[in-house]
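Both of the next two complexes hold chain A, though its partner changes from chain B to chain C.
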Partner chain A sequence: MTPVIEAQTLSKWFGEVIAVNNLSLSIGSGVTGLLGPNGAGKTTFIKLALGLYGPSRGRLRVLGQTPRNNLGVLRRIGYCPEADKFYENMTGYEFVYWMNRFWGMMPAEARKKAEQACEIVKMSHRMDDVVSEYSKGMRQRIKVAQALATDPELLFLDEPMSGLDPEGREELFALIRKLGEEGRTVIFSTHILYEVERVTNTVVLLHNGCVLAEGDVHQIRDLIDEHPHAVTIACSEPHRMAAYFIDNPATLNIEFSDGRVTVRTSDPNGFYKTLNRVILDERIEVASVTCPDDNLQSVFNYLVK
Partner chain B sequence: MFVGLIILGYVHVCIRILQVVAFDTLNSSPRNPITEVLRQVEMFTVKGSTFFDFLRMQSFMVFLATILAGAGMICDDHKNNLTEVYFSKPITWRDYALGKIMTLVVIGLCFTAVPGIFLVLLHNMLAASLDTLRETYWLPVSITVFSLALVVPCALGVLACSALSSSQRYASIAVFMVLFGDLTIGSVLPELLHKQGYAIVAFPLAINRLGELLFEVKRPTYVLSWQWSAAYFGVVCAVCLWLICSKVRRSEIAA
Partner chain C sequence: MSETSLRPPVPYTRYLNSTFSHASLMMLRRRRIVLAAVLSLSPLVIPLALAFLSEAAFSEDGNLIFVRLVEWLYLKAIAPLLALFFGCMLIGEDVELQTIPYLLTRPLPRSALVLGRFMAYLSISSTILVVSIAMVFAACTSVGNLSFSPETIELMAHYCAVAVLALLGYGAFAMFLGATTKHPIIFGILFTFGWQRIALYIPGMVDFITVEKYLMALLPKLATERENVVIRTALGEFQKQQLLIAGPKALAGLLIISGLFLGGTCLIVRWREYSAARAVAG
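Then we have the complex of A and B:
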């Protein structure tokens, strides 16, 4: 299947600053999280994909075409920018309506689509209020509405959760998941790892303009198996449990706290085999087994190190 | 404020309508004793120069309306980071620039060409004979061309200042400063160099010179070459257009 976005040795620099560095990646349909700290090149990559920037080097294809100065591609893309500045005396509805008109819709269609988009982001009740009266979350929703209003195949959301309250975040998580399930491609950037995990398993990790890793979160996790893997076991006899791992050469460190033992190992597969055997043979009562670093934050930390 | 400006602009139009109606009504009754008297009054008669004067007087309203509507057009988009949203839609920087320019040109024409042509039509409708049509058939073209000569550089100048400024206020000040500087140089230079021709440095005078040509009006004050006026007009428009395009293009690249 043709990837929705395909970059080959893509670079973008501004003077002496390299924003995207020799980046090669392929993004398919569904929801993909573009993850990285500030300055990782997420926004630059999105703007390259939108054709707002031309690549300094390399090749980028979006929906099978080069996006730069390609209005055909832009017709199929929705974009929610990070900055939340508007014409403050405009209503949210007017903003979405005029964005639809710029897209090329006729007035009647633009009105209808603007209303529908405001409905989707749950802003119908406030869409006729001026933007200056909106909270940050409402402004964010209106931005998402203008991106959705044109019914795009590919949707770029640059830091869409910023400023949203927990309820708003959950609604947006659900909306992004729903858009993905409908077969659209949604690419959203964030530097908050939890947000990616809440929405998708597909992630592209960026750092200093380079791809650190891409793919399934768990596949990425496999990439770092050579790094210490922490497992916390809550059990009735933590010290006895620890004794079965202390002689293992793969065990790097053992810590105890409140009826729990945390083992750091460089061989997680071997560790879990041993753990299963100990639980079955030695009859140690285990309340829970958790991996405190089995999340994107730890993946990210490991890869950046 | 903008509505106030429109009303003010159309007060002048109403006065001119009264002038045309009164002139044509009296002209259609030659036996009226006032008719002959009023025919001698330059200000009252309706001829080519009437429309030229009307447009010249409207140019001030055009200037104010263009500043009010256009000074923030580009800089506010930059300030609000909206250029990246615009250019993420299927529009090019050419569409964007043309849209801004056309909006201001249409606003300007609403103060000049639209009422001007209406006055000509009214004049013909009220006229007693077809002679008026023969005398004024060329006026709509002159009015349109001169209106564009007034409106286009004004729109381009305001948008150029908007593209170069960070806020609507600075753009407005810049427009006033440029115009004031230009008029000052245009009035000082002829005195210093003892040559009236240098008055053409004042851009409004150069535009007026084109108007005089279009409306076949002879003004003894300045003897200026219309070719130079046309060239000056062209250069100013080209420079402003280049400034707008370069800034808008740059904003597309680095949105």
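Then we have the complex of A and C:
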């Protein structure tokens, strides 16, 4: 089966900055998460696939064709950009309507499809309000609506969860899953592993413009769990708190700083069980528990090494 | 394969219509349109003031006032300013506001985007300018020595046509600047009020690289000769005699210049990687 997106030794540089570096990958139908920290090359890769940029080197094919200035490919694509930019003096409905008109729809069809798209993203009740009056989440929904309105085969969602409230996220997770089940190809970028896990098993890990890993998201999760995990606890008695972890063989390191204790452990699940017990039984007052390492950066660093 | 990919091709005129309608709507909703109308109507004050100040010391010829206002104010200042006001933003604003990816990720021919928007600009700014010139003409009739006769109405129509051509030439240039540079207004002002003024004083054929040269050649013949500011040299005079441009040639020159700038804008929009600078910054 022909891949929907196929890149071979694809590179893109802007002056001296290399955004995508010798990237080779193949993406099939269904939902794929593009995962990577800021500056990993996710957005540049999406813009290359949309034909907004031409490759500096290498080859890229989308739906079997080169995407740069290819209106035939664009006709089959939907795109929700990361940037929170709109024609601010338009209503949400008008925005989607005009995007439909630019797609080539007649006015009556553009109106109908705009209404339907606003309904899908649950914006029907506010679609006649001016975009500048929307919250970040509402703006995000309208961006998704304009991408969906043309019924695309291939949908690019660049950081689509950004700014959405928990309910909105759940709705969007469900929508992406549904689109995937319908046989469409959805490619969405994020820097949060949890978001990928909620909608798909397929993930492409990007770092510094290169593919670091691709495949099953659960393997990435296992890697994170295996990797030393740091937890910072701000509490009234950091030294007393540390005493409960110091003898644990999974504890690799303990540091103190300004009313906080940071514990580095190789067994996060065991650590959290102990922490819960200490908080409940020993009555140590805890102000916050943060996990500076509970993000992809540590895994990226680990993989890069 | 989804329903969308099985649809018949969309006619070009539909894209043109959508970009024209969208750009017209956007222009009419801007506060800038009020400012443009005020700017265009501001010369109206002069004939009205002269009509009220009807003392002999201030008596003026209505015909002369009208001609001066159109030639000095409308064609040399207001039309270029309107063109810069609106022309630069036709593509430039989408680049600045980062809304251009929405347009460039639609199956919208780039030429339809450029031409549709340009037509919207031309129709709206022409309406403003033509209505203003007509009102100034009407006001000048109250001063004296100008009436609504077929000859004078023809004179006014002639000036209106030249004003529309000015919007065409300057607008195409401004649109090109908006698509290519970060500061189109600055470059536009430098060209219009800097280069064009300087070029008039330079002997030889330098003034052919202006829009004003062609516009001036299209003006109606007047009883009195227009002031010529160029520093006369034997070579310059010879060259100009050889390359004198009459109305039809001037019109063709203006249309070619406009066409070149519009074509250039289409190519720029097609090939430029608009968010590349931001990608580097990010």
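Here are a few things to note about the model shown:
Simple rule for what comes next: the second predicted complex is superposed on the first by the 218 of 305 C-alpha atoms of A that agree within 3 Å, B and C clash if a C-alpha of one lies under 4 Å from a C-alpha of the other, contacts with A are read in each partner's own complex, and residues count from 1 in each chain.
To be clear about the criterion, contacts are C-beta pairs under 8 Å (C-beta built on N, C-alpha and C of every residue); 3 or more make two chains touch, one makes a residue touch a chain.
Please read these numbers as outputs of a predicted model, since none were measured by experiment.
Upon superposition of the two complexes on chain A, a steric clash is found between chain B and chain C. Ranked by how many residues of chain A each touches, chain B and chain C are led by C. Contacts of A:37 after superposition on the shared chain: neither chain B nor chain C is touched. Of the two partner chains placed by superposition, only chain C is touched by A:153; chain B is not.
Of the two partner chains, chain C is the only one that A:184 touches; chain B does not reach it.
After overlaying the two complexes on the shared chain, residue contacts for A:28 are found with neither chain B nor chain C. With both structures placed on the common chain, the touch criterion links A:86 to chain B and to chain C. Once the two complexes are overlaid on chain A, the chain A residues touched by chain B in the first and by chain C in the second are 14, 47, 50-54, 69, 71-72, 74-75, 77, 79, 81, 83, 85-87, 99, 102-104, 146, 150.
By the touch criterion stated above, chain C contacts chain A in their complex at residues 1-5, 7, 10, 14-15, 18-19, 21-22, 26, 29-30, 97-99, 101-110, 270-271, 273-277, 279-280, 282. On the side of chain A, the complex with chain C involves touching residues 14-15, 17, 19, 38-39, 43-44, 47, 50-54, 69, 71-72, 74-77, 79, 81, 83, 85-87, 89, 98-99, 101-104, 106, 146, 150-153, 184. Partner chain A is touched in their complex by these residues of chain B: 76, 79-82, 84-92, 252-255. Within the complex, the chain A residues that touch chain B are 14, 47, 50-54, 69, 71-72, 74-75, 77, 79, 81, 83, 85-87, 99, 102-104, 146, 150.
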